[in-house]
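This report concerns only the one structure given below.
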Amino acid sequence: MAGRKKRSTKTGLPPGSLVHLGDRKLDHARVTLVDYGSDGLEEKQFDTLAECQACTPTQPIQWLNVYGLHEPEILAEVGRRFDLHPLVLEDILNTDQRPKLDEYADYLFVVARFFDYDDKSMSVTSEQVSVVIGRQFVLTFQEKPTGNFNPVRDRLRQDRGPIRRAGADYLAYALLDTIVDRYFAVLEGLGERVEELEEELMKKPSSRVLGTLHHLRREATILRRAVWPLREVINGLTRSNRFFSAEVQPYLRDIYDHTVHVIESLETIRDLIAGLLEIYLSTVSNRVNREVRVLTVIAVIFLPSSLLAGIFGMNFRHMPLLDNPNGFFLVIGLMLGVAATLALLFWRRKWLG
Amino acid sequence: MAGRKKRSTKTGLPPGSLVHLGDRKLDHARVTLVDYGSDGLEEKQFDTLAECQACTPTQPIQWLNVYGLHEPEILAEVGRRFDLHPLVLEDILNTDQRPKLDEYADYLFVVARFFDYDDKSMSVTSEQVSVVIGRQFVLTFQEKPTGNFNPVRDRLRQDRGPIRRAGADYLAYALLDTIVDRYFAVLEGLGERVEELEEELMKKPSSRVLGTLHHLRREATILRRAVWPLREVINGLTRSNRFFSAEVQPYLRDIYDHTVHVIESLETIRDLIAGLLEIYLSTVSNRVNREVRVLTVIAVIFLPSSLLAGIFGMNFRHMPLLDNPNGFFLVIGLMLGVAATLALLFWRRKWLG
Amino acid sequence: MAGRKKRSTKTGLPPGSLVHLGDRKLDHARVTLVDYGSDGLEEKQFDTLAECQACTPTQPIQWLNVYGLHEPEILAEVGRRFDLHPLVLEDILNTDQRPKLDEYADYLFVVARFFDYDDKSMSVTSEQVSVVIGRQFVLTFQEKPTGNFNPVRDRLRQDRGPIRRAGADYLAYALLDTIVDRYFAVLEGLGERVEELEEELMKKPSSRVLGTLHHLRREATILRRAVWPLREVINGLTRSNRFFSAEVQPYLRDIYDHTVHVIESLETIRDLIAGLLEIYLSTVSNRVNREVRVLTVIAVIFLPSSLLAGIFGMNFRHMPLLDNPNGFFLVIGLMLGVAATLALLFWRRKWLG
Amino acid sequence: MAGRKKRSTKTGLPPGSLVHLGDRKLDHARVTLVDYGSDGLEEKQFDTLAECQACTPTQPIQWLNVYGLHEPEILAEVGRRFDLHPLVLEDILNTDQRPKLDEYADYLFVVARFFDYDDKSMSVTSEQVSVVIGRQFVLTFQEKPTGNFNPVRDRLRQDRGPIRRAGADYLAYALLDTIVDRYFAVLEGLGERVEELEEELMKKPSSRVLGTLHHLRREATILRRAVWPLREVINGLTRSNRFFSAEVQPYLRDIYDHTVHVIESLETIRDLIAGLLEIYLSTVSNRVNREVRVLTVIAVIFLPSSLLAGIFGMNFRHMPLLDNPNGFFLVIGLMLGVAATLALLFWRRKWLG
Amino acid sequence: MAGRKKRSTKTGLPPGSLVHLGDRKLDHARVTLVDYGSDGLEEKQFDTLAECQACTPTQPIQWLNVYGLHEPEILAEVGRRFDLHPLVLEDILNTDQRPKLDEYADYLFVVARFFDYDDKSMSVTSEQVSVVIGRQFVLTFQEKPTGNFNPVRDRLRQDRGPIRRAGADYLAYALLDTIVDRYFAVLEGLGERVEELEEELMKKPSSRVLGTLHHLRREATILRRAVWPLREVINGLTRSNRFFSAEVQPYLRDIYDHTVHVIESLETIRDLIAGLLEIYLSTVSNRVNREVRVLTVIAVIFLPSSLLAGIFGMNFRHMPLLDNPNGFFLVIGLMLGVAATLALLFWRRKWLG
């Protein structure tokens, strides 16, 4: 909610004001540039604005990645260099955006989220990643260095697969694929947790399970809020034939299938959680009801004996059995007999289990 | 509901009758005119109809704002001057409209609502704002002066951002942006309240929480009724290329994204409230059930002791132990032993917690 | 349900058979004709078929209204005169139609319903009104004279507003506007009732509230069944530019906005009722649970005292305290002490409220 | 479910294999042919395949009706004569089809269902009727003779209405109209039953009501499964201007309105049933809760008296009142007083009702 | 979930890497080729890659079936031979795909699932089957030999129906038809199980039923996840007129109708299960409530007798009846009388059942 709160403090500023809405997660912004083509690859890293300004690309395709968004002047420089719209820069800085796709004349602007699942706290965290897809370049913006894009970087360096020979569109696809693949890991974490809970629920339902289920449902809801619009984003990309060549289209369709798969798995997990909640509630309710019933049965078994004791405790002068030497034991026997009969009766009707 | 009630009293009047439906919130209507362009800016304020009639604009773009709607003749004069349709004037006066967009040949007519959240009463209040967007002018109508548009007015006066150099469409965008930004503040208020309730619920659920949750759900429903049609309004504006230039289109799309964001946050809050209600109900129900169980357990623990006391209170002449000097203490010991055994048994089965 | 029942009795008749499906609500059918234009207005009333046949219009626009549908020959005559399709006449007579719009070559056929709310019985009643909209005429058919269209008739007579100068399309609009305005009155009635129930529920929930809420929900459902198709009807009219001129289009759009408003208010009322039902059920359930708890607490408070009394009622020869002159009072004191301690304990845990 | 079960036994046969999937409801298949035009009408009935093959039509329009589907060779002959696709014949024989419309080059193929409601068993039964609509002929196929189409046959024989002068499309309409009209009878049966249940529920809710409500809900679901696709079928027919002339279009639209009406009535019945279920459950639950409360109150009223009896049954040597000649009656009076006070208290708090 | 887990282990590999995601279900992959036309049919089986490479087709249409997916080199060879896209090969190996249809220039790629229902464990299992539909060939890929396609193979061998004379499109249809038919068998199994549960529920609801219902609901959800996208796949095929000739289109439409039928039957089963769950919960809850009530009634019947015994056990010197020789029996009679009266009272109010 942190980002949303800050949003209201920005009310009144003219649109396009570059203010970072979000927590400062890094000391210094860092800019890396991968400049590649089928002939070669060059990697550069800039720590100051000056370095960044001096650099000129030597290869056909550039991938510029920015870590840390609290130094707006670096962003402003990138914006100038690649001719980005002020609203794009504003959206990059505002890190609680929902996933979206904005089409501009010279580039596509995609906002997505990297998700992480922490098994201990069972919490789902996410971080915004903004991607600008041009004809010859891809720009990515993250709040802190996470290494999420390292597999793509390695593939570029080691020239594995068609990535070096393909265009900027294929690079964009590879980056988005990395993002979508992360959802599967999060879903697995959630799914395993839910299965553990199911087993625990079957063995002994505790009130702790209720809280955990509600917590997981909430996390699933958060995930869902991000993945539904992501589907729309990727669907939008598959319709955009200005930036994606026919060769890359099947790959986009493949990511699209993956997001649909993610959504369905998520809905299944949500259904499971809802089902477990129902089972939990009905189990607990039934168990308490049954326990109260057992206790009531025990009370009822004692009733006739108590009454008998009361009756033979009355002070009438003339009462049967009182003088009988075995009277006491007869009555005790009667008590036991009645109690045993009742117990048998209840046991047969299965009211004791 | 006030506005709706009055609506039925208007039944039978011909359409176009200028009757203010709503509470009178201001003594005198007040009209302000901002007359601006890239060259300069002139502000005028009228208190009487005559002043208003005398004034002629000197700059390319006019923004006319009217506070107070209970003097229909001022509105009628504005209507004559800008050639507004009678239904537009009627809708401006009828202040319980749902947000809507009507397209006329020479202007667009937008009805929206300014929302406010009062944290003490946890109530959401709203006020209608009507906006007429022409090619060279923007008209705004509110029931009372709220200062909601002051940030835009300041930007115009101080010539910050592109607002002075842009056309009436950009001004309209800036005003709508102010309206949408207010929703975030309201959502933050509601969201914080819900989080507080969640913590309170986890610590000790009281019946007060139930009422508060139902109240918040209702407020969220009111907000929802206003924000869904607003999305449609802004979506409609993005399709209207007669009044909005290509330069302003990305800004409109930006507001559209914001309204979608508002709707999703609202739905999340509603989900949260529904989840809290469920937790509350199941928690309370379980707690009461458990308490009754504890009490029943205590009763059952006392049962055998009571029976023993009854048995040794019987008046048989021949009973064991009665003459034994330690008989009393033996029986008391037996009572304690049975009670302790039962208590242990129940404690082990966790029926005491 | 009356109309639906009779519908099945008609099974097997060829389509177009003129049989009145509905209750006979009037002794004699009555036909009134308003013959008007910008120059003048003439009103005629016919009681017999012959009179009706003799009459010829003298002004450009005719509004013919028929009260009472149980004399099919009058309807057949109207049908011949205005060249109506047999299915139109059949639909007019079948008075449990859902609102609908049928387009024919020379006229539009609209079925709508007039709603009434009776506050005492809290019941919503409705009556079918059929409207045929031609280029130069409007025909309206109702089961009994209700005076619902009197405001329009008065406006025509007194020449208020543009109605006399406008065409038959404006008249049709004015009549439909009257129908939609009636929904607001019904909604106000329902809404006030629901608010009263809410207050009553907060003070003391009785089982009477449950029945009333279910009753209101049902009435709201009946209303809903009529208003959703009405929205479609009016939406269809706004798309029909053959019968409605460009001048009348904004007015139709206005009615459309009203029906959307009606639907949203109705949904809000339904949400409110659902929420109240939930509160009622959870309140009652919690209250009963709490009361049973209080009673159990009281029983538990008595338990130790009863046991003590039982113990000192045993007949052991050697028992402590029995010979002590203050023994009785000591034990009574002990009883009071234990009971007070338990009461305090429970009071502290708030199990007594 | 009978038909569905048999479907799996057909797995592996090539498509187009003519196997009757359904119960054999008739000894011999029977074929009737109505051969008509505006000039005359001829009816023929065939019992053997040979008769059927010999016959040639003499009038412009043919209506061929087949009862009994277990003699595939008759069907095959009809298929050859009218040049039907193998899949059409297969669908006719497979009598658990959902309503559907298939368009072929020379004819339309409609599958619908005739519904019946048995009030005693409160069960809804249905039978498939297949209709093939050609330009000059209509073929209908049913499993057994039901007389469902007799009204249409009578209209043809007696030359009532426009049916003899109209084409095959009007005949198809008349047959479909008969099918849709049957739904109203079924809905009336269900609706009356639900209203009876509502009254019974208000008077005294028994557990029998629960079973009946669930049963009715199930029947309504079965009905619903058939009527939703039927709407689509008739909607499809209204779009098919190859087989339906402009004159018949309004009649089709009329049936379409009827199916929408049926659907809405059905949804209302479903809502009613759901509402009654809710009322039933909350009523029963509240009643049991209240009864347990009454019983607990009675128990609590007895508690102080029991304690008093126990106290004065203690064996202390020195106890007040024991020697008092009125002691016994004083204590009995005290018991009555305490019990009466408690009873009054509970009665005032309405815990006894 | 097994397949999904493995998916995350693949994160970071370039797309198109051929890794089998799923369990290894077969020792050796097996490839069978059916090479046929209207003139003849030839069947071949390959166990090694070399054999496979050597073979050339002699007839116009080829159906190549691959069992076992853990030998990627065989798949790679098939891919080279039929010029398949790397993503197609990747999808074939990833056996937890949701059903989908991908259109490529020279072939269609369909992923579907074969379902099986095991009645003992009441579990639904499924296996992925991938189908590549070219103009002259059909390729099918399964994880293990199941004999599911044997009926089609037999029809080809025995030249039954039009299959030998039709093209590859008809073969593809026949294979898909086999897949869809399997759903009916699974649905029958589930449906019968649910009906058994319904009967069991009516006779005596046990907690075992609750678990079984939840289990069946889950299986139905799994089935549903596969059958909804399958509908889309087949709908997509009916729109693809590049690969399916006009003659085969009606057959595809027929499968489409079947999938819709499957979906509706599935939804009915889900509704049934939900209804049974509701009945179960309300039945159990009512039963426990009623039992507790019975027990409470019994306790209340004992109360007055206990009080009487207590009263006559008091030690007052002057008490009535004590010296009366019949006093004891009078009191016992009084006890019995009171108990009988109360029992009668409760029996009449039906509180004992």
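In order of appearance the chains are A, B, C, D and E, and numbering begins at 1 in each one.
Criterion: contacts are C-beta pairs under 8 Å (C-beta built on N, C-alpha and C of every residue); 3 or more make two chains touch, one makes a residue touch a chain.
In this text, all values refer to a predicted model and were calculated from it rather than measured experimentally.
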Shared interface partners, meaning chains that touch subunit B and subunit D: C
Classification of the subunit A:subunit B interface as same or different, half of numbers criterion: different
Centre-to-centre distance between subunit D and subunit C (centres being mean Cα positions), rounded to whole Å: 27
For subunit C paired with subunit E, centre-to-centre distance based on mean C-alpha positions, whole Å: 43
Where subunit B touches two or more other chains, by residue: 285, 289, 292, 296, 299, 306, 310, 313-315, 319
Residue ranges of subunit D touching subunit C (in the complex, touch as defined): 151, 154-155, 160-163, 174, 177-178, 181-182, 184-185, 187-188, 191, 195, 250-251, 253-254, 257, 260-261, 264-265, 268, 271-272, 275, 278-279, 282, 285-286, 289-290, 292-293, 296-297, 299-300, 303-304, 306-307, 310-311, 313-320, 351
Footprint of subunit D on subunit C - complex, ascending: 1, 4-5, 7-8, 10-16, 85, 87, 91, 97-98, 100, 102, 104, 207, 210, 214, 217-218, 221, 225, 277, 281, 284-285, 288-289, 291-292, 295-296, 298-299, 302, 305-306, 309-310, 312-315, 319, 321-328, 331-332, 335
